[in-house]
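Here come two complexes built around chain A, the first alongside chain B, the second alongside chain C.
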Partner chain A sequence: MERLRPYLMLSPALLIIMLFFLGGLGVGLMRSLNYMPIIGLTEPNLDAYVGILTDRTFLRSLGLTLYIAIASTAISMTLAVASGLLLRRSFRGKQVMTFLFQLNLPIPHIVGAIGILFLFTQGGFLARAAHAVHLIEQPADFPALVFDRYAIGIIAEYVWKEIPFIGVVVLAILQAVGDEYEALAQTLGANRWQRFRHVLLPLILPGVLSVSVIVLAFTLGAYEIPFMLGRSFPQALPVLAVRSYTDPDLNQRPQAMAMAIVITVFSTLLILAYMELSRRIVRKE
Partner chain B sequence: MTNQTRLTHLLRWLALSALLFWLLLPLIPLLIWSFAFRWPFPLLLPESWSLRAWQIAFSARSGMLAALWNSLVIAVAVTLVSMLVSIPAGRAMGMHRFRGKRVVEFLLLAPTIVPPLAVVLGIHVLFIRYGLADTRLGVMLVHLSPIMPYAVLVMAGVFANYNPEYEEQARSLGAGPLRTFWYVTLPAIFPGMMVAGLFAFLISWSQYITTLLIGGGFIKTLPILLFAVAGANDTALTAAISIIFVIPALLLLLLTARYLTGEDAAAGGFGRV
Partner chain C sequence: MPRPVALDGCEFDMTQVVLTDLTKKYLGATAPAVDRLNLECESGRLHALLGPSGCGKTTTMKMIAGLLKPNSGDIAFDGASVLHTPAERRGAVMVFQNYLLFPYMSVGENVGFGLKMRGVDKQTIRRRVAEMLELVRLPGIEARRPKQLSGGQQQRVALARALIVQPKVLLLDEPLSNLDAHLRDEMRELIRTIQQQMNITTIFVTHDQEEAVVLADRIALMFDGVLHQVDAPQRFYDGPVSARVARFFGGANFLPGQMHNGQFESRLGCFAVGQGAVLNGPALLTIRPEAIQLCAAESGSQQKNHLPGRIISRLYTGANTRVKVQVNEFTLTVIADPHAVDAARTGDMVTLYLAPERLWTLPIESP
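Now for the complex of A and B:
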């Protein structure tokens, strides 16, 4: 009985995961293979996968999604480390600045996307500011920063939201570490760059890398932000998947499910590769 | 102070101001637009101001109050269930050694890697079959799985630093299991529960695509309304509803901020909001 206890304690949480996570994933996988015994489909096949993998629209969406996720994560991570280093010293106004730094943590991405939209459109806040300093004459002169080729608006939204998210972790680690290692390195003659590169970076890297896995997974699978700020072609993969799923033509559903599974596979592969890479980096340090 | 350190200070201050300016910048047009009446290009501030958007937002026809209520009911219910479930699960993960613990850990963390979209399409098929599609209960259930990793992780962290001897002492003094939990365990784990609850609420609060697909457009929460309004070209109303959507989340963070240390791996919950 005593040995069963931890399993009993875990059972409600595991039940939720089994039913509403694995269950959904499993049904999605079956449907993507055209295998649904309940509605008479008993012969699984790979038609949906062949269909999407030979479709240029899908491949371009996949490329775009990977580009957005990797670019957003890399930029957010770099700027978050820089922010952490800037905020850790004591200076006048530090408390206020740290508070403002963390302000957008609870703000949902949807609101961030709307804010970026108001800021970046050709009649938006930035265009008006550019007009005020005589950089542009009319809205059309302002460069396309949303619904654009390079997904600048989407990446900007992610970076806006994820800097404080990763930054808070950096700050917490730096606080726990204190100044002693650095002071020691300084007395041994290390300059500013060397102290960062060989003392601080190895200390903060493991935490930063593990928290940015969450960012990577989120940016790969998010729907709202690319839906609101992205072009209509190519669309980010989650947007394309939902469009196929809600298409009146029900034959598209297996393909929608296949896309969702492909996102999952890429997310898992990318994260495994990333964790292996970061393990090597951390070990080398 | 030497010239060089003065320069470093100045540079630091400039860099920080630029950073904070960028972080606050997207919120500024939202605030201004919500009070704008006419604001043509290229004016930097509105030509005329009004409370029109706020009046519409709080009128019955905008559906905002109904959506706010729906969002609150769903988020509160989901938060309570998540907290109840994550206390025993966190205790098992934080204090017990058992066979298959790594598998359980992997299962509990899997929802952080797999995008909710990949799960919700399959869930939709299941929920149609079991009559949970287009219902509030269905929406609540589908919000639970993305919360589990963070809620359980927070509680596991709490219990890893928890000393069960106090419980034994209380029991030996004659307290029953309920009294022991109420007077001994609960006060010790309370801060962690607040953090787990904060994440649960925020994650549920910000769900869009899961609610849309499972609710089928019948369960109108604030994010669903916000998307509809944003597509309808009323900039001022979109701005006002955005602000209304943010305020409860900010208030909750302010209320629970003292329990957040930032050190716990749990800060991860913010990545899902």
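Now for the complex of A and C:
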């Protein structure tokens, strides 16, 4: 009985995970294999997978999704660590700065996206302001930062939102680590750079990497931001999947499901690879 | 002049440390944490910085190490000010109370850290690490992780990590307070041995007077950021400068009176006094509890330095017995050999003998 206790206590959570995760995934998997006994499809096949994996649109979307996820995770992680290090020092107005730094934590992504639209589109506030002070001849000359080739708008929104998210964790980690390790290293002869490279970084890296994995997973699978700020071609995978799914042509359904499954497998593999890589980095330190 | 001392291929420059009017006031604090501290630490000796919690010991150590900037005053190594030398080039290595082994490194990498920072080649580092681990009596544990070590072992690895860089000054902040009694003895002995072997100028912090006495060549006693007495350990028992110092070292029995031509006059009569911090005028007379001799009631209570009294309590503590004796309105504490006072009962009349050479005068305490 005693041994069963943790399982019993976890059972509600487990149940929900089973139902939604395995259930949903199972149905999706079946659908992607064209296996739907209820409507008489009893012969599973890989047509949907072959279809999407030979489709250049899909492959370009996959590439774009990866690029967005990796770039926004890397940029926000770097900036969050840098700001965490700055906010750790004691200076006048530190509390105000820390508060401002965390201000957009509760703001939803969608609001961030709207803000970016408002500010950065070629008809947006900045374009008009630049035009008003005669920096550019007409608002349309404003550089394309949204709906653009390099997904700058999308990445900017993620970075805007994830810096404080990672930053809060970084601040907590820094607080837990304290400054005695660095003080000790300094008396042992480590200069400023060496203290960062050989002491602080390895101390905070495990925590920073775990939180950035969460960000990576989120940016791989998120729909709304690429939908609002992305170009119409190529689209990020989640956008593509939703579009196929809502297509009036029901034959698109298996392909939409296949995309969802591929996204899932892909993110899982990427996250596993990332975790393995970070483990190696940490161990090597 | 610093003199190099050779030991297993390590050379230590013996360094004299002088603190002059060293003062540190933390931002927002009302009183300075360290107030005009003057201290000279002889080269190659083991010094204890002793005092109750919060008296400014760690603050002083951090200033010597260069981790904290003093508000005023000077720190000199071998006569040259190091105030503007950053910690990483000052050569004063600090060992923290909580060991602080880098958790992501092996023991070997931990010990070799300082040499790696100096760009020493790997082979030399490996050799020196082995030597240092041998020195702290933990040979061959390079590959272990800090987590796999006991507290005592971690402390010794931390010591090896400090010694490998051949510091000019070794600063130990409460090195023993996290260890249990048995390990503490072992570690004390190890610190003492290594320090003597290497003749490395060492300052160690403790709040335990016994530890300071056992380990140190000299003790600097601090209260509230102010240095009260710097002396050889024995002097804190035989010649404290104030009642507060005496109490910190377990002193008791303070009798107010007047000092006059080697005679101390008080409500309990006149005493012949051998020496003291006050030779004339108002003073406190003190005698350590273990210096009082307890005699039978009839043995000459009228003679000089003899006092009649009544036992009001006795407490057996194992190694000795603490007896409280009422003499008029004063209560004197006596620490006696348990066997010698076996027969004495509470309520018994006794005679106390206060030998002149064990008596000592102190300034009257300001209230």
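Going forward, the second predicted complex is superposed on the first by the 276 of 285 C-alpha atoms of A that agree within 3 Å, B and C clash if a C-alpha of one lies under 4 Å from a C-alpha of the other, contacts with A are read in each partner's own complex, and residues count from 1 in each chain.
We adopt the following convention: a contact is a pair of C-beta atoms (placed from the backbone, for glycine too) under 8 Å apart; a residue touches a chain by one contact, two chains touch by 3 or more.
Just so it is clear, the structure is predicted and the values come from calculations on it, not from any experiment.
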Combined model on chain A: chain C and chain B, fit or clash: fit
Chain B versus chain C as contact partner of A:A140, first or second or both or neither: neither
Which superposed partner A:L100 touches (first chain B, second chain C, both, neither): first
Touching partner for A:A183 - first (chain B), second (chain C), both, neither: second
Contacts of A:P12 with chain B and chain C, given as first, second, both or neither: first
Which of chain B and chain C A:N191 touches, first, second, both or neither: second
First, second, both or neither for A:L53, with chain B first and chain C second: neither
First (chain B), second (chain C), both or neither touched by A:V169: first
First (chain B), second (chain C), both or neither touched by A:L269: neither
Inter-chain angle, chain B to chain C through the CA centre of chain A, in degrees rounded to a multiple of 10: 80
Touched partner set for A:L277, first chain B, second chain C, both or neither: neither
Chain B or chain C, by number of chain A residues touched: B
Superposition-derived minimum Cα distance between chain C and chain B (Å): 11
Residue ranges of chain A in contact with chain B within the complex: 3, 5-10, 12-14, 16-17, 19-31, 38, 79, 82-83, 86-87, 89, 91, 97, 100-101, 103-112, 114-119, 123-125, 127-129, 131-132, 138-139, 157, 160, 162-165, 168-169, 171-172, 175-176, 210-211, 213-215, 217-218, 220-224, 228, 238, 241-242, 245, 256-257, 260-261, 263-264, 267-268, 271
Sites on chain C touched by chain A in the complex: 62, 65-67, 86-90, 92-94, 96, 98, 100, 102-105, 113-114, 116-118, 161-162, 165, 171
In the complex, chain B residues that touch chain A: 9, 12-13, 15-16, 19-20, 22-30, 33, 41-44, 84-86, 88-89, 91-93, 96, 98, 101, 104, 107-108, 110-123, 125-126, 129, 141-142, 144-145, 148, 152, 202, 205-206, 208-209, 213, 223, 226-227, 230, 235, 238-239, 242, 245-246, 249-250, 252-253, 261-263, 265, 267-268, 270-273
In the complex with chain C, residue positions of chain A that touch it: 180-181, 183-191, 194, 198-199, 202-203, 282-283, 285
